[in-house]
Structures are given as C-alpha cells and as structure tokens.
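Okay, got some structures for you below.
First subunit A sits with subunit B, and in the next complex the same chain sits with subunit C.
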Partner chain A sequence: MSFRYEIRLSGAGGQGLILIGKIIAEAAAIYEDKNATQSQSYGPEARGGASRSEVIISDSDIDYPKATNIDLLLAMTQEAADKYSNEIKPGGTIVMDSGFVHEAPEGDFKSHGFPITNIAEEQIGKKIVANLVALGIITELSGIISDDAVINAIRARVPKGTEEMNINAFRAGQNLIRSS
Partner chain B sequence: MDSLKALENRVASLANHHQKYIRVLHQHLDSLIDFLESSGNLMKVHLWTSSSHIEEEMELIVRLSDDIQTNVRHVSSYYALQFLHMNFRHQDILTLGISSGATIEMVYQQFMMNVGSDFRNLSRAYMKTLLDLYLPDWDRGDFFVCGVGTRADQDDIDVGIVTRDDADITTINQAMRSVTRDMLVYATPLHHYLSEHIGEQLYSTTVSEYQKHLEPEIRDMVIISELIGSRFILGGEELFREFHEKVTSRYYYSPDQDIRYHEGFLRGILGEARAQFLTPLSTDTISPKEEGLRIIKALLAAKKVIYGLEEVNAWDIIGALKAKEPHLSTQYQSLFMTTSFLEILKFQLQIYVTQEESFRLEEITPALRSQLADKMGYQAIGAVSAWDQLIIDYTRAVKEVRKFCEFLVNDTTAHLSSISIFRVMFEREPGRSNEEDGKSESKQPEESVAREFIEAARFFSGTRYWEDILIRLGSDQELQDGFIASLEALDEDIKNQVLGEYTEWAPYSPISLMRLITILLKRQENVLGDTVAVRMSHMFLEKLEDLSYATERLSKIFTRYPQYIHEFLEYLPESDFAYFFRIMNRPVVDENLEEPLSRLRSLCEIHEWSGHYFARFFSRVIASHPEYLNHLTDSHQLHEIALGLLALADVYPLLEDRKRALGEYYDLEFLRIGLGTMRGTDLRTTNSEFTEFCDNYMRKLFDVCTEEARIESAVEPPSTDRFAVLAAGGHAREQAYDDDYDIIALVDTDDEDVIRHATKVMTRMNREILKRGLLPQYRLGEILDGFVNPMSRVIAYLESDDPENFIDLSQLLGSRMIVGSDRMRDTINTQILDRFAISRKREYITRMVTEVRNRQNITGTCDREACNLKEAAGGLRDIEACALMLKAWLGIHEPLTQDLFHKIRREIPEIAADLDTLSASLYYLRTIRDLYRITVAAEDTIDPDYLARVGNIFKQSRRPELSDPERILEQIDTTLNDSMRAIDGVIWFLQESLAPEE
Partner chain C sequence: MNPRTSMMQGNIAVAEGAIAAGCRFFAGYPITPSTEIAEHLARSLPLLGGRFMQMEDEIAAMGAVIGASLGGMKSMTATSGPGFSLKQENIGYASITETPVVIVNVMRGGPSTGIPTLPSQGDVMQARWGTHGDHPIIVLTPAGVREAFDMTVQAFNFSERFRVPVILLLDEIIGHVHEKVTLPDPEDLVVIDRKKPTVPPEEYLPFEIDETMVPAMANFGEGYRYHVTGLVHDQTGFPTMDEVKIEMMLNRLHGKLDKYADEIIQVEETGTEDAEIGIICYGSSARSARQAMRELRDEGIPVGMLRIKTMWPFPTDRIRAFADRVSHLVVPELNLGQIAHEVEHASCDRAEVVRVNRITGDPIHPEEIVQKIKECR
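Showing the complex of A and B:
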C-alpha cells in the first residue's frame, strides 16, 4: 500500500525553513528514490515575515502537490502553531520551538516542544542552525527518510566548510528524540 | 572515464549542490555510453564538450531504448553533462571578458544574458524531451509552459502551465507530474506557484480558471507579477498569445479598458517595492535578490505595464525605458550597471557557495571569498582585499538601487494619481453631479466620500500602496472635513461597519492605515469625545494586537519612515498608548530588527512619559529633522551631530544660515539632554551639559547678531571690552530647563550710538531666542528703559533709595557673564558687586534675611496638594537667597552653582553641616524639578497626581526606592524642612558674625 507523508515547516523569515524543506525533498527524491514535492510560500502570507515550506513524500505519484492533511507540523513561532495546527491530521505530530511557542495548541495530535533555537545556540554556538536541529527532530520523529539520505542532502545544500557544524546541529536534534 | 574524473575534479571547485549531477553520472552514464556505442551513435552525441544541438541529441538518446525510465535516466545523464559544461564554459568566457579590459558591468551583463539563454535552452530541451516521453504524439497547441521567474536562475524554475478549457487536463497533469519529479531528481526543480494557487490545485490551470480567479479583485500580487513577467517556453504559442489577450493584458495601461486592474497592479507592486525599502540592510547577510533585484524588478514591471512594453528581462526593459524617458537616461544606465552587478553576484554565490537566496557572511569561508571575488574580477588593492572591495561595491549598489527606485516609486505614484478611479471621487465638488462616472444624481461628498471610497477600495484588497490618496487627503483640509463628516453622519451600526472595513487594511498595509488615522486624528485633535478618528485608531490597534508579525512590521516601518510612527503617537489618544506599547514590547525573531525596535521603544517611552513642555519641543525638532528619530538611543551620535551643526554656524557664508544652524544646534542639544534626563542621567551632568550648550549658543548667537547689526548699520560694534551680556536667574545658576532666559546687557559707556548699536544686537538675539521657545527677560532693562543699560545708569539706580533695587542687585550678584572681556568682568565686580553687595554686606544680608522671612510668612511650608518647589519655605529660592548672602559675606564672585556650597564649606567650617544639608536639598529639589519639567510640565508647583511620571524615571535609573509618588512627596517635605532648619542656621551664623559691626 502506498504512503503519502506531508510535512509543513512554518515560522518566520530567516529561520531557514525553506532550506530544510529542500533538504528533506532532496533526501527523499534523490537519495532514497522516493517521490517528493517541495513548495514554499512567497505569496501574501509570506509578506508579514512569515515563512512556510511544504514537503510531500510518497512512494507513488504525487498528483496533488499541496499539503492538506498534515502528518507533521514544525512550528517555529506562536503564530505558525496557532495558524496551522488545525490542519494536522488526527494522530499527526506537531514539533514546536518552545522558546517562541508559549501556548501549545491542543488537538488530536502528538505534541513535542523543545527549545530548538536555544539548543542551537548552546550546543552548536549558533542560533542560525536551529533549522538543522529541527530537521534532526523531524527526521527522527517521522522515520520516513534515513539519516544518510538527509546528511547527503545537507552536504549538498550547505556552503563548503560549514558541513560539520550543520551536521552536528542535525545530530543534536536527533539526540533530543533519542534521549527523550 | 578519465573525462568523468576530470569533470568531477573541476566540479569539486563548485558549491556542493553540483554533486547531484556527478551522482547522476556515476549512476547512469555508463549505461548511456553502452547504448550509444552499441547503436553506433557515440560519435553523434557530445558527452565531453558543450553541444550546440542539444535538442537533437536528446531526441537521439531517447530513441535508444523502448523503456521510458531508461530513456529518462540516459537523457538526464546527458543533461547533467551539458549543464556542467555550460557553466564551466561561461565561467571561462567570463574570465576572458574580465581580462579583456571591457567595461566590467557590460561583461557581467553579457555573461548573464548568455548563461540565462543557454540555461533556458538546455532546460527547455530537457523538459520537451521528457514531455515527448510522457506525452507522445500530443497536440501541443492545447497547453503551454511559460517561465515566470528569472531566466538564469538555476536553483529553481518558476513555471506556469496553462491549458485550454477543453484540453485533456488529466493527461497533461500526469505528464507534468512526471516531468516535475524528474526535474527535482535530475535537474532544476520546477515550482508551480500559479497552479498551486489557482484552479483545481493540480499542475496546470485553464484559461477560464485564471479569468475567474483574477476578475473579481486584485488579491495576490505574486500571481499577477509572475504573469506579467512570463516568457513562453514550450507548447502552443497561439494559446500563449490568446492567454495574454484574455488574462494578462488587463494589467497594462489602456484608457479604453477597466482601469482598475492596471491601478490595482500598480498599487500592489508599489507596495511590494516599498516593503523592500522598509527592510533594513542586513549586517550579517548578503541578499542581492532581497536587497536589490526584487525592488528593481518590481518597479520595472510597473513601468512595463505603464508603457505597454513587450520586453521581459530587466536589461531589455531598461533599454526600452531609456528611449521612453530620455531625461532619465543616465539614471537608467546606472541601474543597468547595478542590475548587472547584483545579478552576477547572486549567480556566482549560487555557483560557488550555496544554492540559496541569502548568504550569511560567516558561512562563506575565506577560501570561498577569495574564489568568488577572483571570479568576478576583483583583485586586492594595497591593504584592501578583493572580497572587501566586492562587499563595498555590493553595499553601494543596494544603496544606489534604493535611492533611484525611491525616485521611481514617486514617479510611478504621479502616474497612479492621474489614472486612479479615486481621483474622480475626490475631485467631485460638493453639490455637483459627477458626469465622469456616469452617475447623474447629485451627491454631497460629506454624505458619500468615505463610504464610497472604502467600497471601491475592496477591489484592491490585496494591495497596500495608497500614498497618492494619502498625499491628496493630507494636503486638503476641506477634503478631510468632508471625509470625516461623511463618516460621522453614518448611523452607528453602519459607521462601525465602515470603520471596520478600513481597519481590515491593517494586516496588508499598516503604514497606510496608520497615516490615514493620523490625518484624521490630527484634524479632530480638538474635538472632544468619541470621534471617528479615535474610534478608528482604537480598532486599528485591536487589529494590530492580533497580528503576530505587527511588531516586525512596525519596526520595519520605523526604520524607513520613523516620522510616520512618531506623528501617529503624537496624536494617539493617551488611553490607547498601552495597546500600542504592548505590541512593541513583544520580541522579534529577525535580529536585524532588534536595533530599530529598540529605538522605536525609546520613542514610545518619550511619548508615554514626556510632558507637554518637552513633547512639544520634541515634536518641533522632529518635524524639521525626522532623521533624528534614528538616533534616539545614541546620545553620543546626537551630540556629534549637534557639534557638527555648531561648526556649520561658523562656516556658512549667509548669516541667516548660521542662525538656522545655531537654532538647530540648540534644539538638538536640548532634545539630547532631555532624553538623558528621562533615562535617569544625574542632575550634575544634566546641568553642566545644559549650561555648556546654552552658553555656546548664546556666544555664537551674539557673534552672528553683532555681525548682522554691523552690516546693517555700517558701524563698528562696541567691543566686548565695553559690552557684556550676563545670564541671570536659572541660566546663571546652571539650572536646566528654564523656559525663560534672564538677561542683563551692560555697556561701559554713555555713548548713545554705542547703546543703540548694542541694542540692535540684543534685539536680534531676542528674536532668535524666542524661536527656541525661550522667553528673554530683561528685569533690569525694563526698569531702566532699554535692553542695554549703561553702567552709569545701573550704578545710579542701585544708589537710589528705590526699594526694588535690592532685587536687581541680587540678580546681578547671582549672574554669570556669557559675553564680555575680563576687563568688563572686573568693572562689573568692582563697580557693582563689590560696591553695592560685598562692601555693604551687612545691609545686603539684613535686607535679604527680611526678604526670606517675609516670603516664608507668605508662602509658608509645602502644601502637599500643590507644593511649589521654588517658593515654598526652604525651597529653591530660599536656598539661593542663602547662597547669595554667603557670597556677599565672603566676597565671592563665582556663580551660584552646586559647587559653590563646597567652596563656602571650606571657608566657613562652623556651618558645614548646614551647608551640606543645603547642598543636598538643592540637589534633590532641582532633580525633582527637572524631572517634573520633562515628564509633566514646565511648572514649579508639583501636582501629586502626576508624580508617578517622575517616579518612573527613578525606577529606570535603578533607584526604585525613590519611585513611589507618596515617597517622593514625603521626601520633598523632609527636604524642605531640613533646608529651612539649615537656612535658619546659616542666617543665625551670619547675623552673629555681622553683630560686631553694629
């Protein structure tokens, strides 16, 4: 039976959500031979500084490229959590940066709050890799793409010389789940 | 495979994402070569060099196998090879071009044109080949694929896929789905923004779906912008033209069609451009697209629809505009060059660093920096590295773009004003029928304009540029009155509904709404009660509070247009301050906005905590110099600017300019020191800095006014050996924030010509001082009938038995010379102070004691409901009187400052404790007085209801123990009582000391 997994990455501009959307899509499509689509918001909803990226991964054809029944929502701001949590499918997952999301939305979904940005700053020394920490969490929670595929995709997407830092951030995210 | 190894080695010099193509080659190239060899076609296909017959060679490759997926993998390998060859070829040509000595920007532009063209041909051939595989024998007239993004962009290809209404949409979508998948895996991903947002959310959209989506209103500017910038890639060209006629052409200017679409596009695109201006330049990132190219392209799109240009790429449009607007030819040429630079920089960053749109400087390693700068033709010059030069050029380029594009925004606004549907609405005169819009019924604007406007504005719901309307409304009070009246006249329910519609703009265009509300608040400033302006501002703030990004948006607006927020706060009802401040106290995610937000918060504090005296002053200064709002938190910077203004006052050739610069210097320093007081600067620092700038101002003003009088009367002015200007009162005592300036002007001659000439100087000074909001006061001058008084007349007056002359003697004793020579100072000291006060100290002190006692009897102790810090027993006037008595007793000529008590203490250790008490009392009472003046009013009488404002500053200056209003009142009480006791002690000592003389 075919599967379809929908991920929405939401937050503010500058949090690197588009980048991790691309990484997930490429990890699935290029390194795991799955089908994937990735779209990003640059319409009116992005004008307020909000940022949104969606990835759909499937082992069959993807006819409908918009996420409507979200399996996993990453919310890096309160606004994102409030706005999109009602689109998570029953039994789905929300991952929140608890440094920015102070009121976790309620619903029929599993809720995970981590101080993602703080962890990036404390463990890696740079807030800017919070997106990679989040990617580690997502990879671990979703279980739909392998570590290797994601790391290959990270390598292909980050500037030379920063690979190690970005992969460490990704690992930090994974470890949060593994140790919890 | 040596060739592959060589290619692989070269690819290692590029950004990591190029490894995707190496991976494809490793996986599938062998198979392709096997198929080519076995079919005898190996020599017909270019594998290791660039091909000029890509489409034909791709067609040949996909004929090698019957299996579609095998063909896809083969043609993808070929694509990977050609893609890499193409990029290397163009990099080599670029290097050659740079070394040729040609104008570098022209080399850049040529490079971008060529690489864009080649990339589009390559990707077009690849897409076409894939489509041929997935849609064999298909009638291509049924659909077309168009590119809607930048041609050379290799990170993604934004496409629109449009089908005829009766096409086999399911089959087309299935094919496009497969093409999209293959493009993601093997080539450059396709993005389908248009199809995602219009129609049945598949990969394609029908012409009718576009029409249905776009006809009712202007909503999504991205869709319209992409359509206007679209370029045919493949499929039915006839359909592409038809689509343009039916859908896209409506946005081009044509007086014969419904102008709202054109107007709406301009409102949208100008709003987008302005939003880009609002974003401060990042300090840690370079983003050629976000910081420059997006603005350029938005405004070029505006010009394109105004002139009906067919050109698609930026350079071609600029070329066409040079012909259309020859008077701007030079500026367009500069834009051409800047565009070339920014385009190639973005392209090269993506080739060598990472395939993103923003590049964090810290992520670009030194090796990458050198490589990138080298590839763009930069070389180190002396100590300046090639990379540093590149960054300097980048910063200059984005600043130039913003400057010229701001001009283009204004230019386009003029066009917008001339074609807008609202022009007709606003130009309709009261009681006259409007023939232009075909309505025959006569309408009074006050009955219709506000509602009619908002109803018509619904069509433009997704746009946010209303500058033309706001300029028109803001400059026409009659129109404002009509607008307001038309709202006030509505029934309550409808009024709320209409006001609600206006505030619906808040998420899209807070800046426009804020300005509209400011215009209305200003016009209704003196109208009491629940006005429409007050109600609208309240609804607006409620709306803002619900927007999680409101803080970011307002911070951005503040960066570019600080005066808009300042003006809004200036007229915002106090009851709504808390709302606004709550929004501004939220954190922001974007670190680049933290600094402007901090300044904005500082502005909020000024509006919240400043009294009318300071607020009025603040607003006057900001009205002339809104740029000062950008330095509110940087006292040092404000001081530097002020010193610059002071220096200018020496160099301007015209005296009027010198006076203006001096006035600005005074205003800015007053503002700076006032802000310091609000933030808890110590009294001693405040008074010293305040006195310094006031004295600077007066001295320079004296020079300028003397020069002015000299030129006017062609008479040499009196020298400062014979002419002195003294500060008396608070300015003499180095006390800040006095709203008057007590002046004594003396000449040591009876020559009427000199007196007349000196009077001219003082008259001119008075005029200027008044402009600063200071009242020049001449107590002695009023008594002696002239601003300038000869020494002889002053002496005669002091010798007279006039009971008032004792007060003038005290003023002279407490004065401080601002202008005058040492000789003049000695003359005043010996002929006036020594003669009348010091040598007659017994008489002077006796009269002063009587004065103090009389006043104490009249004013009594402090009334807690209205305590006068100056006149109350033990208050500032008593302390100052006490100091004057001690000056006379000790024969001191120094001005009455805080330090004077220390000096006296050394001279009279017997009353050290009393002097310490007086010094401390003076310090505390002056502190309260200063704070009250800045935060409440320029009054000496304290209203306890407003003491919380004073207390707030104690809190901010980390002295919370002193911040409770009740505590402040108690402290004032205690201070006055202590002061009274100390004054009694000093008087007792003086009377005892003077007794032997009796």
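Showing the complex of A and C:
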C-alpha cells in the first residue's frame, strides 16, 4: 500500500489557509521528492465565509485530490472544528486555534489546542501570520516534511520583504510543540 | 530539480499551454473559476508582444477573439457557465466562418449564476449544442494539470488545422487543483499553424472546396480581400441561396471533422482488456473513478475504465466496442446524467448503463463508485 497523508486546513476566508496549503504542497513536491496536490474550497464571498484548503501528500500518483480520510485537521474556527472533526481518521490529529474554538470536539484523535492567533500577535506582533504559526505546529506534528523544505517553500511563496517575519512565525509554531 | 517542474494550477497550465501553442491574443471578462487564466495572460502576453483585452462582457470578448484570429493572431477566451451562455451566438459565427479560436470553459455549478465557486460538469451538452443550427465543433476535456497544458496546445492545433472553434472544458477541480508537473521543452512541442493560400490574391477562393476539406486561410492585412459572413456562403465567401452551393458548403463544414475523426477522437483505456465491469468517465470524475478502480482491482474485481478525452465528436465506436465486452458501464458525472445518455446510445443495450450523479458542488467520492460497482455484481 502506498503512502498517502491527508491534511485539511479549515477556517474562514482571509486566514491564509490556501497560502499555507500551497507551501506544504510545494515543500513536499518541489523541495522534497514526493508527490502532492493542493485544492481549495470556498464560498462566493470576497472575505469571511467558510474556507478550506486540502493537501494530499503521497509517494505515488495521486488520483483523487480531495481528503477522504484526514490525517491532520487544522480548525481555525469553531464551525470548522464542528463540521470536519468526524472526517479525521482514527488516531489522527486535530490542531485548533483555542482563541476561536472554545468547545473542542471529541473523538478518536489526538487533540492540540493553542491560542494560535494570539501567539502570532504577541510573539510576532501581527495577527496575520497566525497561518504561519499553524504551519509550524503542523510541520512538527506531522513529521512528513523537513524544516528546510518548508522554509524554502515559505521564502518562495510569501511577499518579498516579509520572509523573516513569516519564518519567525513558523518557528514560534514549531516551538509550541517542541516545548510541550 | 528540472527547472520546468513546479506545483501548478490547472488554469495556469491552460494559460501556459496557450502561450506555448503561439496564442498572442486573449480577450475575456473575468469569472470564477476561470479568472486565473485571464490574470496569467494579462501579465504574460504583453511581455511576448501579444495583447490582452478585458472586454465589457463575454459577448464582446468572443467577438474580439474571432476578429483577432481573422487578423492572423492565435486567439483564446476563457469563461465559466454564465459567460459561456453569452458566447454561444458568436461561437456559431466562428463555426460557419471557419475561424480558428479556442474557448475555455471552467465549469461551475449551474444553471444561471448557480454555485460560482464549486465544481460541476453541467455544460457538456451546451458545449456541443449551445449555439443554434447543425454546426461542427471539437470539445476536449482534461483530467489533470499536465493534460490541461497538453490539451490547450492540441486545441490550438486542431483549431488551426481544421479551421474550427475548439472548446476546452475543465471543471473547477481541474482548473484550481495544484499538482506537480514538468512541462515539456518548447522545442519538443508540435505546433500547427493554419494553411496559407499559395495562389495570388485575385485567384484566392477563401472557402474553396478541395480534397483536404479545409480551405487555405489568408489573414487580413496580407493583401487578400475577402468577405466574411454568418450567412451561408459559397466558395467566394458571398451569401448564396443556391441549394446546390448551400449543400456543398454545409457538407464540407461537417465532413471536414468526419474525415479526420480518427485523429480528433481520443480516449484513454485502462484495464479494459480483462474488465467485467466498465467505467466511462471524464474530467475530475475520472480522478474519482481511477481511485475507485484501483481499490476494486486490489480486491480482485476486474474493472476497466475508458476516459473520454475528446468529448465531441463523441467516441461512440470506442464506447460501443467496450460495451460489447462488459456487463455494465458505470458513468460518474457531476451532472444529472448528460453523458450517460450518450453512453446508452453508444452501448445500444450491449451493456447496462448505470449512473452515478452529483450536483451539490461536491466531487464524486471514489467510495460512491466502488459501492455502485459492487451492486452491479
């Protein structure tokens, strides 16, 4: 059986979930020698509304590019946590922004809650890099892509001049797991 | 790492394919989920000496690409359902004037404004019969990012070679998914340009009937003056009411695609040799089907699939031959069974046609196909 790892990044439009989906996929497929797809689903609103981004990582061809049996779910809103936690596979992982998810869903999965957006504001000084903090947590918990690959992908994807701030946010996310 | 390898979105692959095929004119009006094609070409074409025009609406955009093509530019427009509806009248004009153009439709949920951001395959019949009257058309439908690139090149080649509008039908999933692709070296691509007249201007018949069935096309501005009209015309391009000339013209218009049908009609067969149950699929539904087939084969159930790459002209003969060898043909589609109906016609009761449909904006889950096939046994 070939290796397939499914990540769903869910929350609201404007939280940068599509961007970190692209970074994870590029880290795996371009900066490492795996296969990956990234797809997205959002509503007609320009901002706000439910948004989700999915990344499939595999060592072989990826036919169906959507998540069916989630290894890792990131929930940045209560709505996302409620809606998608039942699609996590047994023994999978949920990462929640505890600043928004006040009632953690229960199930056969490992649960990690951090005030992700608050940490971005307090440690980096900007709420908008909460997605990169989440990326650090995901990288550390999943263990399927290397730090170097992710950092290379961050540098290639974020706006010029913001690389260090984004990488610091990513490190802050990693440290949450390393120190816990 | 190969510098031509990247994570690329289907829509961007279409834009890159157009550039590689020699497209230097794009006119359009932005609409989800096709907008990335326009965005990419708005940035890229001016750097290549080409032109990008955002028009006031989709009708004007379709007119602009026809005009640009008559002027000698390989031209493309891109849209989604509501815009595709608006383009239909001018698609008929391109068809009767035999103007090479490529129209991309990234399908979203319909009818009308529908479900703008979610996938659908609801326009497969409109792509064939959206404009009025019997008319020739070629419709290609990719199932992945690399194929979106290749088929865009092919769409231009077919349109130039056969002087016919070619529609590239993607669905939102194929348009928006990012996949790892390695694009071919431009030197390895086959790029076909329209046949030019070899006679002096005074002897040029713009719609001449010869054994190739495809008349030579002079570009406006090269010294050849001729008449272009949506009225049925004779070999000179002027309107005619002569029934012999009408018949000759329309027979050639349709006959040119019949003559080259073997080249135009393409399918991909996987596991069809030993299959007991078949799947007929296309676009993103083929991705669901391939995963379902893989799971079923792992369980020892011999399933094969025929993926439609050329939607129109329809691969009736290939599907009929497959129907002869299997008990059932399962047809997953993100619509209420538009192609299943064509498959029934092709199958002629040789195999039972079973539908798997979804119109809620969700893709078809591979497990739905797996279950349906197990019920067939």
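Basically, the second predicted complex is superposed on the first by the 172 of 180 C-alpha atoms of A that agree within 3 Å, B and C clash if a C-alpha of one lies under 4 Å from a C-alpha of the other, contacts with A are read in each partner's own complex, and residues count from 1 in each chain.
The rule is simple: contacts are C-beta pairs under 8 Å (C-beta built on N, C-alpha and C of every residue); 3 or more make two chains touch, one makes a residue touch a chain.
Owing to the predicted nature of the structure, the values given are computational and were not obtained by experimental measurement.
K.L.:
After the subunit A overlay, clash or fit between subunit B and subunit C?
P.N.:
Because the two structures are overlaid on the shared chain, the partners are seen to clash.
K.L.:
Touch check for A:35: first (subunit B), second (subunit C), both, or neither?
P.N.:
both
K.L.:
Let me test your reading of the model: by the given contact rule, A:78 touches which partner, first (subunit B), second (subunit C), both or neither?
P.N.:
Only subunit B; A:78 stays clear of subunit C.
K.L.:
Considering only touches as defined above, state whether A:66 meets subunit B (first), subunit C (second), both or neither.
P.N.:
A:66 contacts both subunit B and subunit C.
K.L.:
After lining up the shared chain so the two structures overlap, which partner does A:4 touch, if you call subunit B first and subunit C second: first, second, both or neither?
P.N.:
After superposing on A, A:4 lies clear of both subunit B and subunit C.
K.L.:
Considering only the touch criterion stated at the top, classify A:89 as touching first (subunit B), second (subunit C), both, or neither.
P.N.:
Neither subunit B nor subunit C is touched by A:89.
K.L.:
Applying the touch criterion given at the start, work out whether A:25 contacts subunit B, subunit C, both or neither, answering first, second, both or neither.
P.N.:
It touches subunit B and subunit C both.
K.L.:
Which of the two partners, first being subunit B and second being subunit C, lies in contact with A:15: first, second, both, or neither?
P.N.:
So A:15 only meets subunit B here.
K.L.:
If you count the residues of subunit A that each partner touches, which comes out higher, subunit B or subunit C?
P.N.:
Partner touching more subunit A residues in the overlay: B.
K.L.:
If the shared chain A is used to align the two complexes, which stretch of subunit C, 38-46, 92-100 or 236-244, clashes with subunit B?
P.N.:
38-46
K.L.:
Just which bits of subunit A does subunit B share with subunit C as contact spots?
P.N.:
Correct list for subunit A: 25-26, 29-30, 35-40, 42-44, 62-66.
K.L.:
Would you pull the subunit B residues touching subunit A in the complex into a rising list?
P.N.:
Listed in rising order, the residues of subunit B that touch subunit A are 15-17, 19-20, 23, 173-174, 177-178, 180-181, 184-185, 189, 191-193, 196-197, 201-203, 219-223, 275, 353-356, 358-360, 363-365, 367-368, 462, 507-508, 547-549, 552-553, 589-590.
K.L.:
So in the complex, the part of subunit A that touches subunit C is made up of which residues?
P.N.:
Counting only subunit A, the residues touching subunit C are 22, 25-26, 29-30, 35-44, 62-66, 68.
K.L.:
Show which residues of subunit A lie in contact with subunit B when the two form their complex.
P.N.:
Checking each residue of subunit A against subunit B gives 11-15, 19, 25-26, 29-30, 35-40, 42-44, 47-50, 61-66, 77-79, 82, 100, 128, 155-163.
K.L.:
With touch defined as at the start, can you tell me which subunit C residues reach subunit A in the complex?
P.N.:
Touching subunit A from subunit C are residues 1, 5-7, 32, 116-118, 173, 176-180, 287-288, 290-291, 294, 363, 365-367.
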